[in-house]
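Look at the two complexes coming up: chain A is in both, with chain B in one and chain C in the other.
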Partner chain A sequence: MLRLIETEFYKLRRKKSVWMMVLAAFLMPALSVCYFGYLGQAEVEPAQFYKWSAFGYTTWIILPVILGIFATMIVYEEKRLQIVRQIWLVPVKEESYFFSKFCMILVLSVGFMMLTAVASVLCSVLPGFVPFRLEDMMYLFEKCMEIGILLAFAMLPILALAIVGSGYVMPACMTVVYALAGFFLMPVNMYVHPITSMGAILIRKKDIPGLLVTQESCVGKAVLCIFVWDIISFGLVKYQLSKRK
Partner chain B sequence: MKEFVIETRKLTKCYGEQTVVKEVDLHVRKGEIYGLLGRNGAGKTTLMKMLLGLTPETSGEVEVFGRKLRGQEKQIYPQIGAMIEAPGFYPNLTGTENLEIFARLRGMKREQTVKRALAVVGLPYRDKKLFGNYSLGMKQRLGIANAILHDPKLLILDEPMNGLDPIGIAEMRGFLVKLSREQGKTILISSHILSEIELVADRVGIMDHGALLAQKNMKELKKGEETLETYFRNVTGGVGIA
Partner chain C sequence: MNWRNLFWVECRKLRRSKVIWIAVAAVFLTAGILFVGGLEVYHGSEVHYGLKVMRDGMRYLENAGWYMDEVQPWTFFFVIPGMTALFGSYLSVREQEEDTMKSLRLIPLQEIDLMRVKMILTLLFSIGLSMLCFGITFLTEAVLHIEDLSASFVFMLWKEYVLGGIGIFFAVFPIIAFAAGRQKNCWSVFLFTEIYSVFGLFAGMADRVKDFYPITAVFNVSGYQIASMERRMISVVVLLLCGCLGIFWIRKKCDMIRGEKRNGTK
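So, the complex of A and B:
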C-alpha cells in the first residue's frame, strides 16, 4: 500500500496543472486583502478575516471543485491511456487503488488548506489588518487542518464517480453540482450532504462568525452522513471494478 | 504430454448478440512460442484479455499455470508479463520513470531491474525524453520492457512487432527466441504478420471470426512444404493477411 501511495506522488511529476490548483490557495486571502482594504478597516477581527480568506468560499466552493477536478484528472488519464490495465496486472487490488487515490485527495486537501492558512496569515498580518497573535494562528491552522481532512472524506463520492464513470465530463460537472449543492443546502439541512455535514462539524464550537445555520450542530449525525456516503461510494467502486472479473 | 501453461475450455465472449470469441480450446505448452494468428477483429486481443482476467468470459474456463485466475491473482500475475494493444504509460514521465513506477509497485530494485529491461529492448536508461514524445516503435519497446521487467515465466504479447522497424523486428524476433530457448519462458504472441510468426513460433493457432480454427506445429507444417500463408488461406478460406 505504501508503495502504491508513493508511486501516486511520483506520477504527478511535471504536471503543471497540479501547481495551478495549489496556487489557488492564495486566491481568497488575496481577495480578502482587497476586500478589507476597500472597506477601509484598519483592524479586523481575526475570525472575520479568516472567514473570508479560508473558511468561506475556499471551503465551500474553491477547494471542493479543485479536489473534484483533481480526482477526475488522476483517474481519467489512467483509464484513457489504458494504464489502469497494467496496474491490475501487477496485481493491485481495487480497494488499494481506491485508497491510494483517496490519499492523494487527502494530501492535496490538507496541503491546500495549510497553504491557505499561511497565505491568510501573511495577508492579514503584513497589511496590518490583524495583529500577530500565536493563539489566532493556532486557531487558524487547526481549523484549516480540520477542513482539509473533512473535505477529503466529503469528496469521496466524486472520486468514486470518476472511477466508475467512463469519461471526464460527468465527474467534472458533478463536482460543480456537488459543491454548489453543499453550499446551498447548508442553511436547509446539514445532514443530507457530506459537505454540509462537514460544515456541521466545523461549527460545533460556534467559533466561525457569519455562517447561516438553521440547525444545531450534531457531530454524530454529521459523521454518520459522511460515513454513509463514503461507504456507498466505496461499495460502488468495488462492485464496478470487480465486474471486469 | 508436456505441461500446459495456458489451457482454455470452450472459452466464449459475447458482447450483446455478437460473439467475438467462440468456444476456444487453446493449449499452450510450457517453454514454447505460440503464435496466435488472425485478421483484425478475429478475437485475438479479446482472447488474450480473458486469459489475463482483464475482461470476464461469458462462458468457458481459463486456467493459467494449472489454476483458475480468479481469486489467485496475487500468485499468478507476478508470473505473467503482458502487453495488450497499445501500451499505456504516463506521458509526463520518461520511459525510465514509467518503468520505475511498475518496478516499485512490484517491490523490485528499481535501478537494476529497469536498466536491464531497457537494455534488452534497446532503449536508453535515464533518457530525458518524455513518453508523450515517443515514437510508436519506442512505445512498443517500452511496453515490452514493462512486460519483462519482473522476469515472468509467461509472456502474453499482443502484436509486439507493431510499429517496429525491420531491424527492430529482427531484434525482437531474436529476443523472443532467446527467452524461449535459453530461459524456458512460454510466450503467447499474436500477430497478423505471418512471415514473422513463421520465423518465431513453435506452434500456431489460427483464429477467424472468434473461432480457433486450427492449431499446427510449425515443424510439421514445414515438413509438409507448406508455407504458413498457404496454410492460413486454406484454413480460413481467405486471401491471407500479410
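So, the complex of A and C:
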C-alpha cells in the first residue's frame, strides 16, 4: 500500500498542472487583502478575515473543484496511457488502488488548506488587518486541517465516478455540479450532501461567522451522511473494477 | 473542403462523444439544485430590480421571475464558462490527441478553416446551453405561476440569456485559443476557466472593475446588470477585444502549423 502511494508521488512529479492547482491556495488570501483594503478597514475581526480567506469560496468552491479535477486527472491519465492494465497485472487489489488515489487527494487537500492557512496569516498580519495572536492562528490552522481532511472524504464520490467512468468529461462536469450543490443545499438541508455535512461539522462550535444555516448542527448525522456516501462510492468502485478485471 | 462539409464532419464527430449530453445533464442538475435552494422563505424588505420583485415571507420560487433570474448568475459564473472552455479545448485538442490531424492535412485541409468551424460550434454550444437554462427555468416558472409572467418580462429574460451565451463565449475564447495554440490539456483549461470565473465574483464587487472584467462584463452586455449605455459600451468593447485576442492566437497557431509544413516539405 505504501509503495503504491510512493509510486503515485513519483508519477505526480511530471505533472506541472498540479503546481498550478497548489498556486490557487494563495488566491483567496490575496483577494481578501484587496477586499478589506478596498473597504478601507484598518482592523478586521480575525474570524471575519479568515472566513474570507479560507472558510469561504476556498472551502465551498475552489478546493472541491480542484480536488475533483485532480481526482479525474490522476485516474484518467492512467487509463489513457494504459498504465492501469499494468497495475492490474502486478497485481494490485481494487481496494489498494482506490485508497492510494484517496491518499493522494487527502495529501493535496490537507496541503492546500495548510498553504491557505499560511497565506492567510501572512496576508492578515503583514498588512496589519489582524494583530499577531497565537490563539487566532491556532484556530485558523485547526479549522484548515479539519477542512482538508473532511473535504477529501467528501470528494470520494467524484473519485469513484472517475474510476468507474471511461472518460474525463463526466467527472469534470459533475465536480462543478457537486460543488455547487454543496453551496446551495447548505441552507436547505445539511445532511444530504457530503460537502454540506462537512459544513455542519465545521460550525459545531458556532465559531465561523456569516454562514447561513437553518438547522442545528449535529455532528453524528453529518458523519453518517459522509460515511454513507463514501461506502456507496467504495462499493460501486469495488463492484465495477472486479467486473472489469 | 467547403464550410458546410467541415461543419457536417464536426457534427458527425460529436455524435460519438458524450460531451454534449454530459453538459446538458450538468445544466439540468444545476437548475435542480437551484430549485431546491428556492424552496427557502425570503425574509427582508421588498426588493424591486427592473421588472423583478421579491416579497417578504414568500418562498423564493413563489416570486415570479426569481428562478429565471437566479439561475443566470450561477450558471454564467460556474457552469457555462467551464463547459464552453472544456468543449472548445476538447474540439481543438482532440485532433492532436487522437492523431487524426495528419490524415486531415492529407485531404488537404486549411487549419484555419477547421479551427473556424470548431469555434463556431463552440459559440453555438455556449448559446445552446444558455438557451437550455432559459427553457428549463421558463417551463418551471410557467408551471408555477403562468399568470404572473408577462410577455415583455419573458422576452427580456430571453434576451439576457441569448446575449449571456454569446458573451460567455467571447469571455472564454482567449483561453480556448491559447490552449489550442499551446496544445494544453483540457484539465488546465477547465481549471483555469473556473478560477477565472471565481475571480469574476470579486470583480463584481468593485464598481468600475466589473465593466472591464470579461465574465462580469457579460452581465452588463446581457442586461442582467442594469448599467448606463457608456458602461455597457465599455463591456462590449472588452468582449470584442477578447474576441480579437482569441482570433490572434488561433491565427498564430495556424501560421505555426503552416510554417512547420513548409519546413517539412523543404
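Definition applied: the second predicted complex is superposed on the first by the 244 of 245 C-alpha atoms of A that agree within 3 Å, B and C clash if a C-alpha of one lies under 4 Å from a C-alpha of the other, contacts with A are read in each partner's own complex, and residues count from 1 in each chain.
As a working rule, contacts are C-beta pairs under 8 Å (C-beta built on N, C-alpha and C of every residue); 3 or more make two chains touch, one makes a residue touch a chain.
No experiment lies behind these values; they were computed from the predicted model shown.
Peer 1: For the overlay on chain A, clash or fit between chain B and chain C?
Peer 2: The answer is fit.
Peer 1: Which partner chains sit in contact with A:L4 here, chain B, chain C, both or neither? Use first/second/both/neither.
Peer 2: So A:L4 only meets chain B here.
Peer 1: Is A:Y168 touching the first partner chain B, the second partner chain C, both, or neither of them?
Peer 2: Touch partner of A:Y168: chain C, not chain B.
Peer 1: Applying the touch criterion given at the start, work out whether A:W88 contacts chain B, chain C, both or neither, answering first, second, both or neither.
Peer 2: First partner only, chain B.
Peer 1: So in the superposed three-chain picture, is A:M145 touching just chain B, just chain C, both, or none of them (first/second/both/neither)?
Peer 2: Touch status of A:M145: no partner.
Peer 1: So in the superposed three-chain picture, is A:R14 touching just chain B, just chain C, both, or none of them (first/second/both/neither)?
Peer 2: first
Peer 1: Which chain makes contact with more of the residues of chain A, chain B or else chain C?
Peer 2: Of chain B and chain C, more residues of chain A lie in contact with C.
Peer 1: Applying the touch criterion given at the start, work out whether A:Y35 contacts chain B, chain C, both or neither, answering first, second, both or neither.
Peer 2: The second partner, chain C, only.
Peer 1: Taking the superposition as given, does A:V177 touch the first partner, chain B, the second, chain C, both, or neither?
Peer 2: After superposition on chain A, A:V177 lies in contact with chain C alone.
Peer 1: Which angle, as a multiple of 10 degrees, do chain B and chain C span at the CA centre of chain A?
Peer 2: Roughly 90 degrees separate the directions to chain B and chain C.
Peer 1: Compute the least Cα distance separating chain B from chain C in the superposition and give it as a whole number of Å.
Peer 2: 12
Peer 1: What residues of chain A sit close enough to touch chain C in their complex?
Peer 2: 17, 20-21, 24, 27, 31, 34-35, 38, 57, 61-62, 65-66, 69, 72-73, 167-170, 172-174, 176-177, 179-181, 184-185, 187-188, 214
Peer 1: Note which residues of chain B are touching chain A in the complex, please.
Peer 2: 52-56, 70, 73-74, 77-78, 80, 82, 84-93, 97, 100-102, 104-107, 130, 146
Peer 1: Which bits of chain A are touching chain B when the two form their complex?
Peer 2: 3-4, 6-7, 10-11, 13-15, 77-78, 81-83, 85-92, 243-245
Peer 1: Considering the complex alone, what residue numbers of chain C touch chain A?
Peer 2: 17-19, 22-23, 25-26, 29-30, 33-34, 36-37, 39-40, 74, 78-79, 82-83, 86, 90, 185-188, 190-192, 194-195, 198-199, 201-202, 205-206
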